[in-house]
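Chain IDs A, B, C and D follow the sequence of writing; residue 1 opens each chain.
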Amino acid sequence: MTDAADAPGAESLAERVRDGDLALHELDDHADADTATAARRLVVDRETGTSLGTVGNYGFPAERAESNIENMIGTVQIPIGVAGPVEVNGGAASGEAYLPLATTEGALLASINRGCSVLSQAGGANARVLKSGMTRAPVFRVTDVIEAEALVSWVRDNVDRLTEAAESTTSHGELDDVTPYVVGNSVYIRFRYDTKDAMGMNMATIATEAACDVVESETGAELVALSGNLCTDKKPAAINAVEGRGRTVTADVTIPREVVVDRLHTTPDDVAELNTRKNLVGSAKAGGLGFNAHVANVVAAMFLATGQDEAQVVEGANAITTAEERDGDLYLSVSLASLEVGTVGGGTKLPTQAEALDILGIRGGGDPAGSNADALAEYTAVGALAGELSLLSALSSRHLSSAHAELGR
Amino acid sequence: MTDAADAPGAESLAERVRDGDLALHELDDHADADTATAARRLVVDRETGTSLGTVGNYGFPAERAESNIENMIGTVQIPIGVAGPVEVNGGAASGEAYLPLATTEGALLASINRGCSVLSQAGGANARVLKSGMTRAPVFRVTDVIEAEALVSWVRDNVDRLTEAAESTTSHGELDDVTPYVVGNSVYIRFRYDTKDAMGMNMATIATEAACDVVESETGAELVALSGNLCTDKKPAAINAVEGRGRTVTADVTIPREVVVDRLHTTPDDVAELNTRKNLVGSAKAGGLGFNAHVANVVAAMFLATGQDEAQVVEGANAITTAEERDGDLYLSVSLASLEVGTVGGGTKLPTQAEALDILGIRGGGDPAGSNADALAEYTAVGALAGELSLLSALSSRHLSSAHAELGR
Amino acid sequence: MTDAADAPGAESLAERVRDGDLALHELDDHADADTATAARRLVVDRETGTSLGTVGNYGFPAERAESNIENMIGTVQIPIGVAGPVEVNGGAASGEAYLPLATTEGALLASINRGCSVLSQAGGANARVLKSGMTRAPVFRVTDVIEAEALVSWVRDNVDRLTEAAESTTSHGELDDVTPYVVGNSVYIRFRYDTKDAMGMNMATIATEAACDVVESETGAELVALSGNLCTDKKPAAINAVEGRGRTVTADVTIPREVVVDRLHTTPDDVAELNTRKNLVGSAKAGGLGFNAHVANVVAAMFLATGQDEAQVVEGANAITTAEERDGDLYLSVSLASLEVGTVGGGTKLPTQAEALDILGIRGGGDPAGSNADALAEYTAVGALAGELSLLSALSSRHLSSAHAELGR
Amino acid sequence: MTDAADAPGAESLAERVRDGDLALHELDDHADADTATAARRLVVDRETGTSLGTVGNYGFPAERAESNIENMIGTVQIPIGVAGPVEVNGGAASGEAYLPLATTEGALLASINRGCSVLSQAGGANARVLKSGMTRAPVFRVTDVIEAEALVSWVRDNVDRLTEAAESTTSHGELDDVTPYVVGNSVYIRFRYDTKDAMGMNMATIATEAACDVVESETGAELVALSGNLCTDKKPAAINAVEGRGRTVTADVTIPREVVVDRLHTTPDDVAELNTRKNLVGSAKAGGLGFNAHVANVVAAMFLATGQDEAQVVEGANAITTAEERDGDLYLSVSLASLEVGTVGGGTKLPTQAEALDILGIRGGGDPAGSNADALAEYTAVGALAGELSLLSALSSRHLSSAHAELGR
């Protein structure tokens, strides 16, 4: 909010850091958040010969970000725009919506916007959340497979106790499933929760920790790590692509042939063929888990805009796009297996991000609980559908006009 | 930079949009960038009942973002902090550095910061870019496998011509490799470029388009799509994890046992075992391409801070972490197969992002060309190493103190 | 059993085929199985200039193979040997066993035999089937995601009816799970069965077909294919590696250090390190689903010997080998996620294969039902463990003696 | 060839084994191969209460299998039949051929046979080997990434020396490529060879061992294992599916619509749709590396018949099937990325297997060298194409007639 000159005391604090009297992360104990932030900028400016003027020119009190970052020096500002309005026929989302998208990739927003326009002209896009659940999978060490088998049996027999322990830590979350996996003397137990409008990683972690205490106290198993990577968080993994994580959501649309021809300068057949050769066969040959054109672009842009966890764009890319000619028209769908979103907690409380959620009308907890996060998943899927439609069409129509190809992305 | 009241003319432009006289994306033709941005906010505010005050309170002229976004309504502000300083012994990066990280995930920066501190105490982290190249793989349709074989032969015989065509479009880029792949009557040709300090996706696309023209004019093959997904951009794909894309970079360190014990409250053996059960065996069981704890967190945070393409966090997660006890000490490494970074172009020119690059001393083109992007890859790898070290240690030391576990993330 | 000269009538039948009067596959309608087989050899001999003397010299009446092959011309003879005895401490298998193995790869059996000897010296190997179930996943077409959601709901609400229909087709099989997956307007429903001592693919297919009839008659969904590849049969697929198919089975052992040193000429530490670099990190880098050294060798050899479906070696390779030093000793395990075996039906009834099952004492149905197939899975896992132990040791001890390395494989 | 009664001396040898005087594997030192084999049967018979009569009734001198197995007790006999004739338009294979197939899965051969018939009616199938090379990838340990970088540079600079060393071990093989991969302090070097008509795993291993000696003597790197799993042999791995191993081969065909309708009782459109939903989208959702229906069935059956390594069916399943309607007709292709075949060495020398190669006219070394193995790859691909065609059609036509569906498999 301020540059250093506006933060009295920042200079003297910076001096103490340079003197080795204070560490950067201790500054918050000696000043308000904005002053500490300013002092850090001064330190970094001096040591690196930088001038962090724009970074320091942020638009809200630094204390608003206290639970989101440490060692803050300001904000990075990423352009945000809107695509739409787009007509959405969702399970939780419905009606016309502007999609907030933050990106630094030129032409991306224009491309999605074009897609949204065509979706609306076709009567809007359908969207449905088909599965939902946040997972955490600790890994335990046992002596051997005999003990592993016993632990698996114990887990299956004691789901109630694990549920009680897990749910005692949360007022909203519910434990929906507990599945053990064995590899040698490692036993992974995958807990899946309904975390309502929260993305839920923290809730799931805390609840699972409580369940782990029960496992350890009641069996001979020893907890090695609260996350054993079968969760799987922020890594590409088939378990997410197959079984889902966060929201499993599909959006689709049927676009009349004449709209495809007039607006997108291609044909349903050409889009379908291109989708098959590129998104299906090409990704198959690449050994991929993402059978789409650029779903991650939309996921990343909506995540940035609405305060989601950017590292979870990884799982957001686990998407399959299908296209087919049906009765002369174009049927297009995109299915995101593992879209981890929330409308409460994390970055959603930050000022600009909260405003972006307001654009969609889904800031905070939904009614019923979970419906706002469902809606965010559906809006994201529709945005992804618009992006796929636009890029596939642009690639397909390339011979007619390279200008459109450029517009496509 | 302004709220609507400060942008004379915004209100009347908004009115014209509401009247259907103008589309949102046409506003730039009728006003300067800030006014158009303000007008869009007014439209969205009214239609969605939002108040985009903070989004509109950005810190630079909107026209600076003209090549980065369309339909701009302002910026999203994401907290940025610094971790470090950390001692880096890289091929292109060296000396002490502060790592700029933008995130909304509380405790992440503190965790990386702790890791950086331990790395420095251990004498610093090594880092090396081991392979480099940006790829684009168009897909062509041929009649049958006989024609596919002929095309493959033609490509192998005409690398010079393809190179000439591709390189005619760029003053910096060089075509390093051309590899064809055949699936039935689809032929994918993967072009790999040295794009120097640019991330290079655009450069590669434009150059490949020129090469495709040669293919089409000289053979019977017909271009179906300029990208056939064997590139692979923004989708999880083994081809990237195996062969690399962008920079293939490793960072590693050997940490004396006493440092592990004193600072991290665990032992080299425990970290090694945990790494094996979680990052190797756990990810193996999950069907994963990411054998690490949370590399994507660091990649995402440094990408946001420095203006990289956030959707490419997907490929950044293709990383393998190894840990072993060696002569009593802890050897830890992280190898990122496909880290796509640049210090010129894209979001790197935006004011706050450029400042973050300044912190690292690598804004703009390097000398020699490519060295700044190499350095960014190495810094990111070192940050990832710090993050792995900190989280693995926190998980490992959990029994001693859950407080440390919380600090870890 | 015979050469052509011994089969009166074979020559005249062959003549009729050469004259175009009969097709090869029609010969069974005009002669007994051995004569038809002989006639086919004559046709092939003549047309290809071959002399199929050894192929025709088979050791049982051709009619015994009637349900196993069409257009039979004889048998291929593959050498079979035994490894062991090996001490097995299994859930269904126990005591000393000779493992029957058919292979053409020299040194393989010797290697497994060496491993078996060491396993026994260490007190035997543990083995447990941890999960069991044969799957079939048809794919249905619906109109759009709205109908997909409705179908998913219908499936969840009608598991009883699906179970009734499926189980009406089988006297032994039980339907244990029904899980739907949606991709656009394709809905895959994965049915999982307990097929007792049968490998169960046919049983599962027939039962699923009956369930599909219910789906089609009660909903608007249209069956596209009885197998939609989420089964997944005979293709490498993460869904099998993660969720299992057939038997999910682990074998493990702890080998005293002195046995490792004396018998295998290596150390627990060296084996553990080698396993990590090769089977875990190497396979990770390869983008693999098989984190082992050569489990498929043992699976293939035991499958051949005991009449299993050789194409399912594919899924048998979804195995993870772990090795660690524990208190100075070597802990080694192998976990096969998807081992599809049976002791009734298919090739198990053929004379030589039935004899191989006799060697293990598990020909035909077990008591309780399923226990023989469980035992076969456990024996196979122990064989795989022996094979891993031997090869890893041979690779590890290479510097000491390349002779041992050669023996290892 | 004999039962025990025919092998004088077998009984007394068996007695010595039972007395602990001899081990099973030592019998070959005390008798001819057939007698030793008979003695082992006696031992196993007695200890397990089995009667290995059919196993012992094999059709060739046991010494013929000396280099293929140890501890031999006889042979397993697997029914073999022929499909075809099928018209093949290959690069190395051409003309009409009967495909030898050994299987125990009823209806499989009939299905392939039906497919062959349709392929011939359509004018035959095209087939081409598009890439060829057998790989072996040892793993070395270095100190850190700095040394790893140095080793990578050394390898790139010393390909000539590595080639010289590798090729000194073989009269036929040629080293075509050397590619290093780095993960932390592990360096994998993938050697790719042209092994002509041999499958080549042994040749590649021996040659690579020689090259490793050079690496170790000239650099500080230490060999950990001669195979580091980036080869990748007998494990499902994307590196094979993407880059190929053994032969990369495609077969395809265009079938006139009327043939599809009349013979297969379906339509090109229906087959194309089914292929997309099942083989492409279904396998995508399954996290698969095999985008086909049952290619492994054909690969396994031809491997068994012709003496290939059955465990390599794993890599043979890395295949993509495509189907599309083109100008009213059906275009169908199957592309096998990593088909490891040979016509010399291994099991190809065994009597029945050699006869099966004779049926194809490709026993032993080809002229030019490598052409026989190329032809075997092409025949296998055509068989796979026939199998895909038949099964996809059967699934597709199911509504018309379940009888056809049954015939399909």
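Going forward, contacts are C-beta pairs under 8 Å (C-beta built on N, C-alpha and C of every residue); 3 or more make two chains touch, one makes a residue touch a chain.
Computed from a prediction, not measured in an experiment: that's the story for all the values here.
Asks: Could you compare the number of C-beta pairs in contact for A-C with that for B-C and name the larger?
Replies: Between the two chain pairs, A-C has more contacting C-beta pairs.
Asks: Averaged over CA atoms, how far is the centre of chain C from the centre of chain D? Could you give it in whole Å?
Replies: Once rounded, the distance between the two centres reads 16 Å.
Asks: I'd like to verify one number: the distance from the centre of chain A to the centre of chain C, where each centre is the average of its C-alpha atoms, in whole angstrom.
Replies: Comparing mean C-alpha positions, chain C is 40 Å from chain A.
Asks: Report the inter-chain centroid distance for chain B and chain C in whole angstrom, where each centroid is the mean of the CA atoms.
Replies: Computed value for the inter-centroid distance: 43 Å.
Asks: Quick check on chain D: which residues sit in contact with 2+ other chains?
Replies: Residues 181, 183-184, 186, 238-239, 241-242, 273, 281, 283-287, 289, 291, 320, 322 of chain D touch two or more partner chains.
Asks: Think of each chain as a node with edges to the chains it touches; is that a line, ring, star, complete or other?
Replies: Chain contacts: complete, every pair touches.
Asks: Which stretch or stretches of chain A touch chain C in the complex?
Replies: 89, 91, 126-128, 130, 144-146, 148-149, 152, 181-186, 238-239, 241-243, 248, 250-252, 254, 287, 320, 322, 331, 333-335
Asks: Name, in rising order, each residue of chain A that touches chain B in their complex.
Replies: 24-25, 40, 44, 47-55, 57-60, 65, 67-83, 85, 98, 100, 102-110, 113, 137, 139, 141, 181, 183-184, 186, 188, 209, 223-230, 232-240, 242, 273-274, 277-279, 281-297, 299-301, 303-305, 307, 309-314, 317-318, 346-347, 350-353, 355-356, 358-361, 395-396, 398, 405
Asks: Okay, in this complex, where on chain D does chain A touch?
Replies: Touching chain A: residues 238, 241-242, 273, 276, 280-281, 283-287, 289, 291, 320, 322, 324 of chain D.
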